[in-house]
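Encoded as structure tokens, here's the structure I'll be asking about.
Note that the chains take the letters A, B, C and D in the order they are written out, and that residue 1 is the start of every chain.
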Amino acid sequence: MKKNRIVMGVIGSDIHVVGNKIIHYALRQAGYQVTNLGIFNSQENFINAAKETNADAILVSSLYGHAEIDCEGMKQKCVEAGLGDVLLYVGGNLMVGKHSDEEIITRFKGMGFDRVGLPTDMPENIIAWLEEDLGGKSETSNTAD
Amino acid sequence: MKKNRIVMGVIGSDIHVVGNKIIHYALRQAGYQVTNLGIFNSQENFINAAKETNADAILVSSLYGHAEIDCEGMKQKCVEAGLGDVLLYVGGNLMVGKHSDEEIITRFKGMGFDRVGLPTDMPENIIAWLEEDLGGKSETSNTAD
Amino acid sequence: MNKTDYNLANKKWDEDYFLSVRPEVLGMWHTGREVDLDDAVQYHLAMPRMKNTGRILAKAKEEGRTCVAFRGGVATKEGQIELLQFLQDQGADLLPATCDSYTRNLRFSDVEKGIEESIKKGYSVLNGYPGVNLGVAGNRSVVESVRLPVTCKHGSVDGRLLAEVTFAGGMTDFNGGGICFNVVYCKDVPLDVSLKNWQYVDRLIGYYAERGVIINREESGALTGTLVPPCISLSIGIIEALLAAEQGVVSMDISYGQGGNLLQDIAAIRCLNVLGDKWLKKMGYNDMVLTSKFDQWMGAFPYDETSAYGVLVLGAATAALGGAQQTIVKSPQEAMGVPTKEANAGGIRATKQAIGMMTNQKLGIEVPGIEEEMDLITQEVNAIINTVYDMGEGDLAIGVVRAFESGVLDVPFAPSVRNIGLAMPVRDDRGALRFLDFGNLPIPEKIKKIHRKKLDARAKKYGKPVDFNRVVEDIYGISKGYLVQ
Amino acid sequence: MNKTDYNLANKKWDEDYFLSVRPEVLGMWHTGREVDLDDAVQYHLAMPRMKNTGRILAKAKEEGRTCVAFRGGVATKEGQIELLQFLQDQGADLLPATCDSYTRNLRFSDVEKGIEESIKKGYSVLNGYPGVNLGVAGNRSVVESVRLPVTCKHGSVDGRLLAEVTFAGGMTDFNGGGICFNVVYCKDVPLDVSLKNWQYVDRLIGYYAERGVIINREESGALTGTLVPPCISLSIGIIEALLAAEQGVVSMDISYGQGGNLLQDIAAIRCLNVLGDKWLKKMGYNDMVLTSKFDQWMGAFPYDETSAYGVLVLGAATAALGGAQQTIVKSPQEAMGVPTKEANAGGIRATKQAIGMMTNQKLGIEVPGIEEEMDLITQEVNAIINTVYDMGEGDLAIGVVRAFESGVLDVPFAPSVRNIGLAMPVRDDRGALRFLDFGNLPIPEKIKKIHRKKLDARAKKYGKPVDFNRVVEDIYGISKGYLVQ
């Protein structure tokens, strides 16, 4: 079976949902099976949904600047829940204020995220990451989801 | 006799004449007797005009960035010509590129100029300098010059 | 207002009822106990007359001037004072205290931790100003440290306590509304709940107004900031003004966010005042001074700071050409994160320059393109508001609840499940905002045809079908340096 | 051309005569000896077709696109290459080599010292690019280092040798003109001398054109950059185009500098193409592709860099809205001194952003305010050019000489004593440029009345008499953040 099951959503008290909607649309077009949790999610929401759907990857969005607080310990919780092998991505405006791209990426990789997306990352390249990390391009289909 | 005789002009191969025209107008309105040499003047032009008109102050403008070269040794030449007591001002965009105000002022004061004007200096404050340095406010008259 | 026997209706609250609800609100956090309305009224009456947002905006309207405002909030009183004093000196006309997300969500004990940590770490770990936790005295010390009036900005569906504390604290302006701050900032709050919360806020402002204190209500018509067509912003703004007027609000500004098409944006700004005044008069609200606000582009910004100046200066020019009473400045660091105060200052100075150069050049209905857009907006907005009144059988508040259920009101890209999300905007050949899908918006058929014609023109001009892929392109457009391609 | 028996007349030079004058020109500096016209023609014909300013501008005209160009020159080849490569990557569409003041004044041995000192000191002590001294090979190595075509910019009343060396060096564009570079850049050069110099340059371009090589002539209509009303820029631009066409120039852009009033500026841009084409056709020049250039504000800039963005972004937007084929970018450091390459890049990126957002929103004659301005400009320009022809008894070149003597042509704030300097501009109530004093400009009385009415409107609106004090205020206005006050 192709690895194409994704859980995605926005973490914390963050209402920025445009990126979430756009990534969802792009993933669906690229043939992924997407469970989109929308906004206002706890780490548990992601983990539970990933367990239920047997997800291959979790995509966490955070735009409003509290990502560090909201994502603290998330990788560990995944491991504890038996999701240590599930890809864990995070992306958005991850820190408050102006920071260098490298600083942000290093910080979040250090927290256990496999990929760290910035506002300049387009849906295409997020999909390219997934294809690389999940192994093999998934078939395009518009009926998935 | 009131000290109000001014020689002014633009030095070197510089064609920027708007400031020159505006300062001329303001000085005239403030009652000064102005000899305006216009553009394209050598140091000698200024010195000769100052001698001829028995000037109290020489106002040199330079906007195009070659002021350092064009003004080199001007104070000495004034002294040699017996004009050591005549006020010597310079103003405009005096250096090529972006430099701090202090740097510019220090550089040109070091070259013997009594006052150093920047693009932010308005005619009013140039007149205020003259009044301070020449001692006493000169009568306002529109017929002078 | 979690439990109350007062059913939703667009009717001014009795003062007694209002006062009976207050203790519950003030009890939400201990600083609520510091609020004494009599003292607050006296405090406001003693403030300099023009240190008042409403008065400044009314004067701007009279003089045809565009005030410059911005967003900004940090975790500590001292930090906020430093920020506001600095930006006051940089030429801002109105000052903000933009609250942090915990405050917005009534998580006041988390705020407390945030403040402590911010003091300890020496930088703000909160993404805004903790308006409630700072208490009445704290807010007053901020207000007193500056010459200009301060607006409380937030995105809270329940701003009741925040309003109480910041008004008593001397702020003269409060942004938001029961519609805009519900569908844009919540996931699943019923409309009647948020509308009641805002009836409270409006009634509180009405209470001050009855005692001679003007507190302005600033509506947030830029909404999701993402391709929101004028008719959506204006319908909601005017409805919020009508609801506020009923509760006794006498000073309000409604707003629209830069879409990017100059003529459409100017038309929308012009309509804010014209249509708003018309509706207020029509419904018998004659006491409200309505002013207009124009948000500089609220969608995704270019990452490069100098390109960002391109966007925000065009916004500034549009505000002045359209004659908005206020423009909210973006900073060149918008795409990166909360801006430094220097970045905010850059936005303000560039904006002031553009406004200074454009303020004597106002454009209006004499320009055929603006007239056409104003006509479209007028018909669309009237159709929507009339339908909302009809759905409420004459009661606007009830109409709003039903309109969102059915999609007669519908905000593109809103995160709330209470928002039907069927209407889908897209740009036309000149970059003006139209509808790809009208969803259930009650737009007259002949106007729908005009939209479709304009989208056909785009398809033809650029040789690409106008479908959802164009919407995605349009969301990124400005951040990549174009409006429509 | 200091001594010549060829009297001034607006008549195409015989090739023989032209070739007989060349040795004297090429002898002005040793690099002149490197120029071989046959080889130069071959060199151009072998260059990529679109690495040509004229072709890029013609294409922009077709597509309704606005190209972004800038000014810039440093003392060394390596420095110039670094600058151009950098700014090509930042999004410029056309590249410059702006010459230093010594080169402009034919002081080639001083230039030599300047180059040596610049290499020694590690920074440019010349205020520009030494186009002549670098020789044919030097220029070619600059041109070959970049993908885009390069324009030779200068302000020289005698650009003959510079043209020879830089054309042979592969540059495809040359700015200036016998009028604009005389009265704006000289103190006391007779008009017939400068006109003859430019006949030489134009004849040289014509020589290339006859052999299939397009070299563009870029006129400098922004002139003194200081409150120059459209009719002055356009009259001079169109006259220079007519004079150039006579010598065989087939590609030319004429220009106007941002005045600050949006509708007037757009009208002026529109008139550049419309009126220019009309006059060329009327006088029987059917081979010239005329394009339009819009200089971002050329007068005094605000010292603050972010405010400067306000000015230049408005300029960029105006260029796009008016549909100019080219805009010349200012940098945020304009008021300070020659900009760093990073500052130039900032101006380019902010400009690209604004153009990207405005390019699909062109405004034109359908806007009543633009139509009115176009009408005014048309009548003024036609009156001036007709009078110039009359004064020359049909010979345009002779007409120009006499027109300057009498003040029928008159450039505000020009330094030359050959310019009568009686016409005095000032802003009206909306900041548009009018005449406080028409001097001897042959403007029809009914149009003078319109100007006066608009100045009365200013006096009334601001309660200050419109006299020379207002002119002084207007000179500083933009640098202080306003257009008219």
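In this text, a contact is a pair of C-beta atoms (placed from the backbone, for glycine too) under 8 Å apart; a residue touches a chain by one contact, two chains touch by 3 or more.
All values derive from a computational prediction rather than experimental measurement.
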Item to check | Most distant chain from chain D by Cα centroid | outcome: A
Checklist outcome for this item: Distance in whole angstrom between the CA centres of chain B and chain C is 54
Next on the checklist: Based only on mean CA positions, could you tell me how far chain A sits from chain C in angstrom?
Outcome noted: 31
Item to check | Whole-Å gap separating chain A and chain B, where each centre is the average of the chain's CA atoms | outcome: 67
Checklist outcome for this item: Within chain C, the set of residues that touch 2 or more other chains is none
Checklist outcome for this item: For chain B, residue numbers touching 2 or more other chains are none
Checklist outcome for this item: Chain pairs that touch, by label, are A-C, B-D, C-D
Next on the checklist: Give the list of chain D residues in touch with chain C in this complex.
Outcome noted: 260-263, 302, 304, 306-311, 313-314, 316-317, 321, 332, 345-347, 349-354, 356-361, 363, 366-369, 429-431, 478, 481-484
Checklist entry - In their shared complex, at which residues does chain B touch chain D? => result 10, 12-18, 21-22, 25-26, 38-40, 64-66, 69, 93, 95-99, 119-120, 122-123
Checklist entry - Which bits of chain D are touching chain B when the two form their complex? => result 101-102, 104-105, 107, 124-125, 127, 155, 184-187, 224, 226, 299-300, 303, 333, 335-340, 343, 413-415, 417, 468, 472, 475-476, 479
